[in-house]
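Scrolling down, you'll hit the structures one after another.
Both complexes shown next keep chain A, but they swap its partner, so chain B is in the first and chain C is in the second.
This part shows the complex of A and B:
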């Protein structure tokens, strides 16, 4: 049986490879293969996979990429992820990507879709609008058209249409993927010492790169291996980390939170991995199935409108309850409009439910972790103190 | 202490001042008169539709701008930050929330009424959605969301149009009816749209008058006055129609007399530079900012900010024959709802059609919708037109980010660059 150490070492090498060697090898293995990049927080990967292409999550350059050219395209008051993404592309690291999808997450990523059209005219750049109206005949009708348009773009890329059967087969694979992802999250929530968040994070990041079939195997291996390995249990505080759904925190930040005495038992790092809360139907019209799942059975985040005021922010309270967390760490990227504008509303909801929280900002290349450790450590101590009272 | 010099005002400016004061009066007395209040945004606003329900229009952005021009927003923003709002986010939002925290006194010093409906026309700016969620959190009132898809591929498809129209029919109009108690009358809407289209025709004529040499208007600083009625609570009203007729007459006279733009310090007698400007102005030091330009004889002949509430110069007019479809098209066509390549194309056209010397970008710290991508805009425009472009930075209503000496230095350097280009061109000829 493969051990967790080995599995995570593989994930880490994928994570550190800023040249996307896996995607290059995958593409070179068979003539005509295409790679389709996508940005956070959600795209229907089933359509990409159904077209025979490899969906490749592009989540910025992290703390290992030296951004030189990318900085020339952005003012200092714009977040980090677009500049490192531009750097990845201008330096040729993304030259294996045939099309790039930009979901509607914020104005910066929206404008980046237009920049891509100008800077990389040979790469098909597609802005993927997600509905903010959740009625079947209104937002649903619009979204089905959007999905069909994307299907057309992907079909054009591969040179022939994408059949319903192909999409259904992909939906089945991604359903399995989501079940396994949920299983890993469940495992971590129950026994966080057996599945440290720095490992779970790398495992989920691998899902941004690997073909889904391979990621499924890896997830199964990890679940099996982590359950069979004994690891020391610590008296840590259980926390949910929220706000990092686009620009990713440096791995060291997660390690710092853990080292400071917190178990991360839920997070929103890569929402695309478990956006749909249950299985997408594997029969009937597959595009409609994807659309209805988005409308009625998907997660919540600040980039998605909440029509019902009484439910605003309850997704976080629910995450706290479901994961048995004792507090929330709001870790949000600097200059991130969706996260930072959402923050006061979340804080208000958490206060109303008596859930303690702290908040800080980061950038994907933040290097100084001492303040984070001190803040998270103090938070963990205070949770322990409160819970004993 | 020397008295502040009174700004020179045309009759149309006086007219607009009265219109704005009238709207604030309607807001201040809304509870007494039983008038229902709707809060909504400038880009993609549905003013004609709102008027069909006898509701009065409150625009949070305009409150922030008015407060900014009265130099009140610094304290309001600090208040919002004290209450947990990040220093990184939109200062319109914080000025608005700070105003609420301090008793919701409008720019005229009188209390603004709580809205009966928050009508979110979610067009061209992601922050709008969060702003309205924050306001809903505060007021707990009914909210109607109109999601206008972004023109990512540079066009407004039939699917997008149908989506917006369906939302108008099934989400927005029923809520307006319920809150106001007034039944929707599409013929009333047609009548207002007819009025809008006439005023839009005059607005375009005014904005395009800067193709003359010398330009009779400043299409950025002065332009913010010209767009006022159509972009805010008056599109579709007879008042707006009269304002634009008046304005058109004034400008026609200036063209006939070969006069330059009117500034707060009087007419500009020598047009030395013709510029295109991208991005919103700074409001807290608006007059000082403008002065830096007219002191140098720099006239803005076209600007993108004056298209944020509708790009009418590309031909769009509200169409009474297709009222809801026309509103949908209007919402989608607002400047920041257009993709970056379309924005660059528009600026390039302005540079050429208005015979401009170059492009100046005023990049706003807290407005990602405008600012993200502007450095590429700058490069592209220089590459395509061969005209120099420059970059200055400020903010909407946060006085901490307006640095007069930096801006003046950059502006002066830029104008020198234009001079250099001219001498090089003259020498080559």
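This part shows the complex of A and C:
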């Protein structure tokens, strides 16, 4: 049986490879293969996979990439992910990507999609608009139209149409992926000492790169290995980390939170991996199934509109309850409009429910972890010593 | 009866204690302090822990909770970790129940911690990153002057005309000291000048944490340095701060004591919840 150390070592090498060697090798293995890049927080990967292409999550350059050219494209008060993404592309690291999808997460990413069209005219660039109205006849109709347009773009890239059967087969594979991802999150929530968040994070990041079939195998291996290995159970505070759904925190930040005495029992790092809360129907019209799942059976985040103000932020309260967390760490990227504009609303909801929280900001290349360790550590102390539970 | 260990991994020294706790009553079983002196602090901590167990006639399995503080979170055998402000506050209350603020003066940082009677942290301030005003800086200067550490306090108290030393920057302070040596200033007055500058910073730190309803206990590696203690008292009188500054012979253990006591508190709380940790 493959051990967790070996599995995570593979995930880490994928994570550190800013040249996307896996995608290049996958593409070179068979003539005509295409790679479709996408940015956070959600795209229907089933359509990409159904077209025979490899969906490749592009989550910025992290703390290993020096941004030189990227800074010329954005003013100083803009987050770092668009700069490092431009840097990745201008330095040729993304030249294996045939099409790039920009979901409607914020104005900056919308802007980036326009820049992509100008800078890389040979790459098919598609701004993927997600519905903010959740009525079937309004948002549903709009979203089906958007999905069909994307299906057309992918068919054009492939050179022939994408059949319903192909999409249904992909939905089945991604349903399995989501079940396995939920199983890993469930395992971590129950026994966080057996599945450290720095490992779970790398495992989920691998899902942004690997073909879904391979990621499913890796998830199964990790579940089996982590359950069979004994690890020390420490007296740590259980926390939910929220706000990091787009620009990713440096791996050291997660390690610092854990080292400071917290078990992360839920997070929103890679929402695309578990956006749909249950299976997407595998029969009937697959595009309609994807659309209805988005409207009625998907997660919540600040980039998704909540029409009922009385329900605003309750998803976080629910996450705290479900995961048995004792507090919330709001870790949000500097200059992230969706996350930082939602933060006061979340704080208000958490206060109303008596859930302790702290908040800090980071950038994907943040290097100084001492203040974060101090803040997270003293938060853990306050939970452990003074909470009523 | 709960037996717990507290291990404080500091920059200059590793402090370890064993406690027996029953309800509100806590009793020392063993204690040990080991200066780091460029050795691996984690190895030292483990050796100190094993030496404590041997001294108390106990085995690792007898310890209900191994609590770390300072830089001890990376110790592989700890059950839980508590931050320095949390542990120094609790340790200070144990050593002197009238304490309502701990002033932790360590090798690298100074920390002022305002606490309530339970040891709960109410306010906290720490010196900035600069090493000036830290124990490490003082130790370096003493070494340059060829003075043993246990002579620092006595010599400083003998100073009658201290020279002003930069309280902001370690590099400038070192330059000040080099100038003083070349001008023939006595070691006593140089050391008193350094202590005065450190005391000024620490008093500012204390003032920044708000009104203290009780005594201040000095903790950390410099707590027993008579020289800094005397300068603190002088400085407080000059600034008309009426809060009494106190010392305790076991002040250096305050962090480790606090860790051990909070470890016992957590152990009992987790036992009631049926959720005991088993890392150690």
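In this text, the second predicted complex is superposed on the first by the 387 of 389 C-alpha atoms of A that agree within 3 Å, B and C clash if a C-alpha of one lies under 4 Å from a C-alpha of the other, contacts with A are read in each partner's own complex, and residues count from 1 in each chain.
What we mean here is this: a contact is a pair of C-beta atoms (placed from the backbone, for glycine too) under 8 Å apart; a residue touches a chain by one contact, two chains touch by 3 or more.
Here the structure is a predicted model, which is why all the values come from computation and not from measurement.
Enquirer: Put the two structures on top of each other at chain A: do chain B and chain C fit, or clash?
Expert: Once chain A is superposed (C-alpha atoms), there is room for both chain B and chain C without a clash.
Enquirer: After the superposition on A, what does A:113 contact: first (chain B), second (chain C), both or neither?
Expert: In the superposed model, A:113 contacts chain B only, not chain C.
Enquirer: With the two complexes superposed on chain A, say which partner A:73 touches: chain B (first), chain C (second), both, or neither.
Expert: In the superposition, A:73 touches chain B alone.
Enquirer: Tell me the angle subtended at the Cα centre of chain A by the Cα centres of chain B and chain C, rounded to the nearest 10 °.
Expert: Seen from the centre of chain A, the opening angle is 100 degrees.
Enquirer: Once the structures are superposed on A, label A:273 by its partner contacts, choosing first (chain B), second (chain C), both or neither.
Expert: Touch partners of A:273: none, neither chain B nor chain C.
Enquirer: First (chain B), second (chain C), both or neither: which does A:226 touch?
Expert: neither
Enquirer: State whether A:102 touches chain B only (first), chain C only (second), both chains, or neither.
Expert: In the superposed model, A:102 contacts chain B only, not chain C.
Enquirer: In the overlay, answer first, second, both or neither for which of chain B and chain C A:260 touches.
Expert: Only chain C; A:260 stays clear of chain B.
Enquirer: Can you tell me whether chain B or chain C touches more residues on chain A?
Expert: B
Enquirer: Applying the document's definition of touch, where does A:377 land relative to chain B and chain C: first, second, both, or neither?
Expert: In the superposition, A:377 touches chain C alone.
Enquirer: Closest Cα approach between chain B and chain C after superposing, in Å?
Expert: Superposed on chain A, the two chains' closest C-alpha atoms are separated by 19 Å.
Enquirer: Residues of chain A that sit at the chain B interface in one complex and at the chain C interface in the other, please.
Expert: On chain A, no residue contacts both chain B in one structure and chain C in the other.
Enquirer: Flag every residue of chain C that touches chain A in the complex, lowest number first.
Expert: Within the complex, chain C contacts chain A at residues 65, 73-74, 76-83, 85-86, 120-121, 124, 262, 265-266, 270, 273, 277-280.
Enquirer: Where on chain A is chain C touching in the complex?
Expert: 193, 232-236, 259-261, 374, 377-378, 381, 384-386, 389
Enquirer: Residues of chain A touching chain B in their complex?
Expert: 72-75, 77-78, 82, 102, 104-108, 110-115, 117-119, 126-129, 131-133, 135, 137-139, 141-142, 145-146, 149, 302-303, 305-307, 309, 312, 334-338, 340-345, 347-348, 361
Enquirer: Under the touch definition given earlier, write down the residues of chain B that touch chain A in their complex.
Expert: 83-86, 88-90, 93, 122, 125-127, 129-131, 133-134, 136-137, 140, 143, 145, 147, 149-150, 152-153, 157, 159-160, 162-163, 166-167, 170-171, 336, 339-344, 363, 365-366, 368-369, 371-376, 380, 393
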